[in-house]
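Below is a structure I'd like to ask you about.
Chain naming follows the written order as A, B, C and D, and within any one chain the residues start at number 1.
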Amino acid sequence: MTQIEEHISISGKWPLSAYTWKVEKFLDRFTEGLHNKKIFGAKCSNCGTVFVPPVVICARCHSRMRLEKDQDWVWVSDMGTVIAYSISYLAVADGLRTRDPEKRPLFILVRLDGTDTAIFAELIEAPDEKIRVGMRVKVAWQEVPKGDLGDILFFEPS
Amino acid sequence: MRNLAIVGIGLTKHVSKRRDVNIPELVYEAVKAALDDAGIHPKDLDALVTGNMPAFEGINCPELWGGGYWGGYRKPLIRITTGGSTGASVAQGAFYLVASGLYDIVLAVAFEKQSDGNTTIGLNTTALADVANMTAYGLSGPEIEASGAIGLFVYQATSYMAKSGCTIEHIDRAAAMLRNNAAKNPYAHLQQAGVTAADIAKTPMISYPLRFGHTCPTSDGACAMVLATEEKARKLSRKPVWVNGWAACSEEPAIVGLFGAGSINVDPAEQRSCKLAATKAYAMAGIKEPWKEIDLAEPYVPFAYQLFIYFERLLLCDEGNAPRLFDKGVMELDGNLPTCPSGAVVSSNAIGAAAMIRIAECALQIKGEAGQRQVTKDVHNAVAHGLGGQANLNVVTVLSDMPSRR
Amino acid sequence: MAKSIEGDIRELTTNIDAEYNWSVGGYMEKFFRELKGKKITGIRCPVCKKVYVPPRMICEYCFAETKDWIEVGPRGTVVSYTYGNISIDMEKGGLKDREEPEIIALIKLDKAHSCIVHRIKKIDTADIKVDMQVEVVWADVTAGNLADIEYFKPVR
Amino acid sequence: MRRVAIVAYAQMKYTKNRNSSREVMIHDVAREALSMAGISKGDVDTVINAQNDYFDGRTISNMKTVASSGAYFKDESKIEMDGAFAAFYAYMRILTGNHDVAMVIGESMASCYPPYLPGIWSLDPTFDRPNGFLNEISAAALQARLYMHKYGVTEKQIAQVAVKNLKNANKNPYALRKMPQIAQKDVLQSRLLYAPIRELNAYPLTDGACAIILAEEGKARQIAKNPVWIAGVGCCHDTYFLGERELYECASLERAAEAAYKMAEIKNPQKQIHVVELHENFSHEELIYCEALGLCGRGKGGQLIDSKTTEINGSIPVNPSGGALSANPTYATGLIRLCEVAMQIRGEAGEHQVKHEVKIGLAHGQNGLCAQDNIVFILKGGDK
């Protein structure tokens, strides 16, 4: 019990650390492709919607995505269009892998060509004033991709 | 369906901290005011509908503890929670109960006491599971946070600006108008009379294009409304405010899908669910040309630029045209379609209550009881809006001084 | 029966806990302050005259704001009781075994109409009865918080 | 007033630790219900989810189940209460005429949340929560003791409720807790939790979901050969304070039942109701609820269980499914009761179908410590 502004309060917590969440391993096959600089979209076998990264249930047609077979995946481009962006003025938090620590990070929402979804990413190798909605960007691959979501975290102007 | 009306409204003065009361006591203030406004006692109530954002106070189903303070003893009571739109969803729950034919007088209660919790953690708890999965696949928490979750409304803003020609100066001026409206609203949290667009422009940039002056505070506050059937409403109130149309519509959360999937809500500024909900609500109210027939709008505006986007998504003008109409003074208190006379969510944000207050404000304006912030024109029809989740649930209510069904 | 293709799943966790600070309100503030002086304070509804402890702002039965402060207890009556061989793990949830059973009772304090839930010590689980008289045992040093009421014991 | 019916339902095999995400579990029951109805997501007007953020570990838990519940571009809402209240809200929505077909889904996964803590987090944080004495089991124990003391009901009689229900559960393919050989002594010798409540008097921690589809009369007749009509409903919230509730009774359930009976024109529940499904978290609750529902006289719950009236072959079978003692995915539990009664009325309960004809059934849902909120549905088969 603590005194705050001469009023009595009682403290407590919500221990989210006591929870588990169960998730299908639907990202495994997707991230495998990233090893080879290939982005595979999960295609809904019912309505054809292409998700990157994949999803377990297609909202549009209410189907369970089948991610076992090759035909459920399509190879999509690593190029896309900026849907929206943001220039962060906040102090950059610890653990942020921005490649130029001197510069304000530019965050973008990108729709990759051939997909029906947006992903968030960081735009590098571009000055603030160049960023705009509709600009064309491509994944800035590392020489040896790790095969995780970090591989498609950075984009550059195309 | 039977007609229904708002016959009582109660609001608390919103402030950043109400440490002198606990949650049931704070909410009681709004409930008592609403019941007094309707001239009724809880024994006259047939049912209650209540809700708030659960994680923000750390209390699971607080109506179990507080329901008695709000007149819920031995009454039917249901709890509805839908995120930022909770207040509007609670109100619509009450509309459904009255319109069903089973309950004649229903109390709707929504609240948030954010000083009891931590809003940043509260917001984070919406996405912990998704973040945990993305972390398992190589992203770090700060990376997701910086580029994803916090960016939601910034992304919405830049996308909207690109489509509409809205500039950051427009947003500064919108913020200034809303802050000045709030200063005329005794229930509003931020009281910054006389603040100018130039003052807003001096506030620090958080993420382009959002400045600190464009954003909402965290507030403690509550709102309650009494809903009644036409027969009861005519007995209880000299000027009932008729709830003629309402609807809600869900789509997928924007920016990040389930467990880090891509979101098919590709453009967070599109807000098709808002247009669909508005279309349904207007149709139900018999409104064919909202841009002509609606006299006042209260969109859900926690960030100043949303004044424009939701004005459009509520079908009050062509897409992309709101900033130009704003330039002409249309949205001012003395304008042709005054918008957010309350000062908006950007000036008071007790999250669970915020979307209900939009409805309450429309009702007060229709009754002509909005005091200093009463708009110049006569208000016959008004539209109120709530937004929940990751910009994925839109809730629209149409109110009027006349019932639409006879 | 709904079936799904149940493949491998991943179990995710986080290390985040959300923290809260609930303001207790003026009525409970007075209750806590009085505890420091080893007094248990209730409040009366001006309409039905019932006395509530802990005090609350509203008598929900009359929908009236309560008014008169009244000292209640320190003795009371056991309305119902239980004893637990287990307790709830407050960190992780689920049940934990307990070495000594804990007696928990619904106690109506003298002069009060409401009950509080508290623990009883100094009695065997076999001897506890509904309607028995108990009295409060105060902490050696009272601080104006809930720990001031350490437990209840049978009135001998 | 419009007539509304249950036209389809879906349950699943309840488990201790389900091998899927919550979202896939929801999707499974939603698809199953749509498939039974022979309709698609596009035919549904509104979706009501019964979920709780403290069970799901996610604030605004319903926003990430838009896809799985089939709510994409629908009027979706969330009831943070037992699933039976979600069905109530969906029913209200259809009565207004705004919607014709509603999907209702309730779910929770005990394997994912810290068991029993969400109940503790609903306590008064200025007194009961920091004191640490009250939880759902200790509260139920206080109630059980008081009920036994007041009416002379015995531990054996209360154990018999568990025996009856868990025997019934053996014939329910969805049930989690199955004990074919169960006898009173197994209950009376099971682990003591809070006296007099033992492990087998208490619900098992469960993962599961349930879905039902409601439709107005015209649509209901198109969709289902044998729609199960909602003939009456009532609900009631009681005071938080256990000491002010007459815990040996359940007044809020009496009120809820009174409203439901009036609406459904039930004057003599003992004669007119053919099957009952109760949401009881602890076995003694069944006896208190039967009294509150007028299935026996006040204080006669012990005699009722002794009389075998409520057994599956008795005149008013109570919980032929095994009830919540056999599986309790909180927030789905009340919805499962509706589903089970609909199955009984339609004659689709398989091995646990009661022998006599079931025309009218009662389904119950509850919320909060010692059933602070109660809801009663009266369902009717045939043409009213």
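Just so we're on the same page, a contact is a pair of C-beta atoms (placed from the backbone, for glycine too) under 8 Å apart; a residue touches a chain by one contact, two chains touch by 3 or more.
All values reported here derive from a predicted model rather than from experimental measurement.
If you compare A-C with B-D, the chain pair joined by more contacting C-beta pairs is B-D. With centres taken as mean Cα positions, subunit C sits 47 Å from subunit A.
Distance from the subunit B centre to the subunit D centre is 34 Å, each centre being the mean of its Cα atoms. Separation between the centroids of subunit A and subunit B, computed from CA atoms only, is 29 Å. Taking the mean of the C-alpha atoms as each chain's centre, subunit A and subunit D sit 40 Å apart.
With touch defined as above, residues shared between interfaces to two or more other chains in subunit D number as follows: 19-21, 23-24, 27, 31, 54, 57-58, 66-67, 72, 113-114, 117, 121, 125-126, 130, 239. Counting partner chains per residue, subunit A has residues 4, 7, 9-10, 12-16, 18-24, 55-57, 59-60, 64 touching two or more of them. Along subunit B, residues 19-20, 22, 55, 58-59, 68, 72-73, 122, 125, 128-129, 132-133, 251-252, 258-259 each make contact with two or more other chains. Taken as a graph of touching chains, this assembly is fully connected, with contact between every pair of chains. Only residues 17, 19-20, 55, 58, 125, 128-129, 132-134, 137-143, 145-148, 151, 154-159, 161-163, 204-208, 251-252, 254-269 of subunit B touch subunit A when the two sit together in their complex. Touching subunit C in their complex are the following residues of subunit D: 10-13, 19-21, 24-25, 27-29, 31-32, 113-117, 120, 125-128, 130-135, 137-139, 141-146, 149, 173-174, 191-197, 209, 239, 241-244, 247.
By the touch criterion given at the top, residues 1-2, 4, 7-25, 64 of subunit A touch subunit C in their complex. Of all residues in subunit C, those touching subunit A in their complex are 4-5, 7-24, 28-29, 32, 91-93, 145-146. Of all the residues in subunit D, the ones that touch subunit B in their complex are 1, 21, 23, 47, 52-54, 57-60, 62-64, 66-67, 71-81, 85, 88-89, 91-93, 95-98, 118-119, 121-126, 233-240, 251-252, 255-256, 259, 263, 367-369, 372-373.
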